[in-house]
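Okay, structure first, notes after.
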């Protein structure tokens, strides 16, 4: 077992060895060094062929057409392009958007940016389990709503939204649906046609691919275009200029191909680990599961520990790489706004730990993690003035 | 000699083997897989340390402070952030910008985007040699000018602007200067302090680093902030959200470190190859050098061939990977707008070839290229109705 | 830009390309296009007894233009006056796989050939 | 977040931590802070003849808070009434390298100790 034990897969996953090998080959081969936009010569066309292969692999995982996939620098950029790009492109049709308090910062901050420029945003609040009922989405729609943006699997709690039901509602009301699938792609089944999703954000590094590359699916018929956020050489159908990074995109394609192949097995693997972890942690009195107990993805388990302070708890877990609050907000240490939105008091939102695991995680690592948490909590409670029922 | 001969270094360079090795190591090591924003745990801090090392390496090449470097997805994004971000952040101070017709599309399209939103743009036209006199920049300044954006080495012609003289003028008039240094970094000496540059765009893949990563230098005192174009998790001082791609940034850092080390030797190497190429091509009657004969960077040679049509000329050079017009516009085959701005007629702008070379280029490759061109031109002229003086 | 194998072959070894060497028969000449139009084509032929004795072309244009001149010249070598008059340059589109946005180039060739034919009719 | 080696040592093996076991002397108690303030500290001590016989603390707070309680308790074990009165929790800042934005936590400890001292003065 390699220490510290890495249980922060929701923040970033290790690159799959097959993906790393392919990327290395791509970086090393002079014949693939050309700019994939240099279609005038053989080297450029060789690079472009790799890019197009990857586009098809990414499309295949979510049942999209290759032409509907735009490569970006990651899910943050995809979210921005989906939310701001759609809002700007459709501003004459309406200036109202629906999203949730539990979204990733990329969506939240994009919506705030729009709000500061006159768009109206309805911020849906999840129930105590972190769920948003499709009926709540329907109730939030207004005549000038142009976009609903909701994430599929929440990056902090792992809770799964019923995007298919939400998709049907949006279609019925002729409103576009954007889904942030950074956490769900390759872990839950996504079918943009069956689920009636119009825009879908994807990230490679959450799925054993490289950091710094992502994609946005844009339904060819329903959406067609969004307003670009960057301007330049016309790459990616004019929606995302800049030299396409062949090795990055090829790595993403391979990672997505592997994920498609392994989805059922891996989902089972992480679910077993998650159940083992939860069973182990439940020995502790005053431990609370954050998010719905059943409707959740297998790779994330988020708990709060009553009676201990968050920073000290996190500090005690030096042998583990885990997250306290969102991976993306761990630069600050405010109480997680996502858990606050679920109604957790500040102290419990702060004493939350997100465990996330994946392909290379083992039962021994999970058992080690349980041991670490039990010991840390016992230590902190040994001098805590807060009494915990059953503790 | 590997065929086709790659002479398109200005479009993209092969990754240096040392850079590729470092990136591969970074991709393969599970201990570096974490999100570099996950500062709460050891794995995140290890990744962050690599990012900060790279930031210092990039800063060193241009004599900046590490804190003044923001990592982006490439020079296209850096250009957008510099031009649009500065304009938006300073819009209450003034809405006038100065740039040139010979800029890269990333700057041109960013300026067009601003122009459509009420900014005024002065488009400087270069002289027939592709140069823009500092006095012409000064003459274009208006009381409400907020930014001058000009590239250091032109990506099509290789001509070098005197950015130091332009920097002094901008400083005197209290206008910010943005320089696109995608082609010049590591090839010409850049010193943001001595040359009084306020914002500087950099790209890794033009300098033996990976595609899909770049940087923007932002002078801490003079500029401080620009308006971000993307919104999210607050990375890169809130100016560029999204998980920082550790392996990409580390690769860029190593590439820039190597470039700093090798700059004088490599500049000499490419200059010798360029002179050899030009000497060889001058055997041909009706060959014209595009851009100033002396004030030019060593890695680019751009010529027009009279009496032959561009597409056929380019097609005849199947053994060479060269560009006809800008690398970034080679998706289309209009006559190069840059050469048109130098006053070349359409036919000559279209029959231009840009040769660009670098670290791995050899004299044998240059000689081969000369042979290819001489033969192709002879073939095309053998049935051309256009007569060429001396041909 | 994609070029078919046919185009590649004609481009590499164009038939009847260049200036027409002196010889017997009556010379006629026809031009189409211009540098501004992106293709400039000149056909020359010598005829006698309502039959083409020899022909040649010069072209400044893209590979499709050059291949089309070569293919047309091959077909017209030794043809009759009637065959020249009946020749349709658009028929070259299929064998050379000329993309739609380039059919104008074929019309430029048609134009040059038409002028040859007209000169011949006018006693040239 | 960076923690000094001193903080790490105190955090791992805090001195006088937990509930105060029964024993001789007069018991006084002082609290500072709350969950809402991000730190909650309780000091208890037993004294006799103007001297601390035993003391202990409980804390819910960050590692700096816990280390500061431990360090303070170590310094105050066996001290006189005057020494307790004179104790300045801000003096813990330097040895523990407490960052500026966390000095409030030291004031919470000061508060708890001050209440102990006041209770003692009031005959507790």
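For this structure, a couple of remarks:
As written, the chains take the letters A, B, C and D, and residue 1 is the first residue of each chain.
What we mean here is this: a contact is a pair of C-beta atoms (placed from the backbone, for glycine too) under 8 Å apart; a residue touches a chain by one contact, two chains touch by 3 or more.
Treat the numbers as computed from the prediction; the structure is a model and nothing was measured.
Counting hops only between chains that touch, chain B reaches chain D in a minimum of 2. With chains reduced to the mean position of their C-alpha atoms, the one farthest from chain C is D. Per-chain CA centroids place chain A at a distance of 61 Å from chain C. In whole angstrom, the spacing between the mean C-alpha positions of chain B and chain C is 44. Per-chain CA centroids place chain C at a distance of 101 Å from chain D.
Counting only residues that touch two or more partner chains, chain B has 39-40.
Within chain D, residues 1 each touch two or more of the remaining chains.
Chain contacts in this assembly form an open path, with each chain touching only its neighbours along a single line. The full set of touching chain pairs reads A-B, A-D, B-C. Within the complex formed with chain B, the residues of chain C that make contact are 1, 3, 11, 14, 17-18, 31, 35-36, 38-42, 57-63, 65-66.
Against chain C, the residues of chain B that register as touching in their complex are 307-309, 311-312, 315-316, 333, 346-347, 382-386.
Residue ranges on chain B touching chain A, taken from their complex, read 2, 4, 6, 8, 11-15, 17, 19-20, 23-24, 27-28, 30-31, 33-35, 37-44, 73-77, 79-80, 84, 104-106, 109-110, 112-113, 203, 205, 210-213, 229-235, 241-248, 314, 318, 320-324, 327-332, 360.
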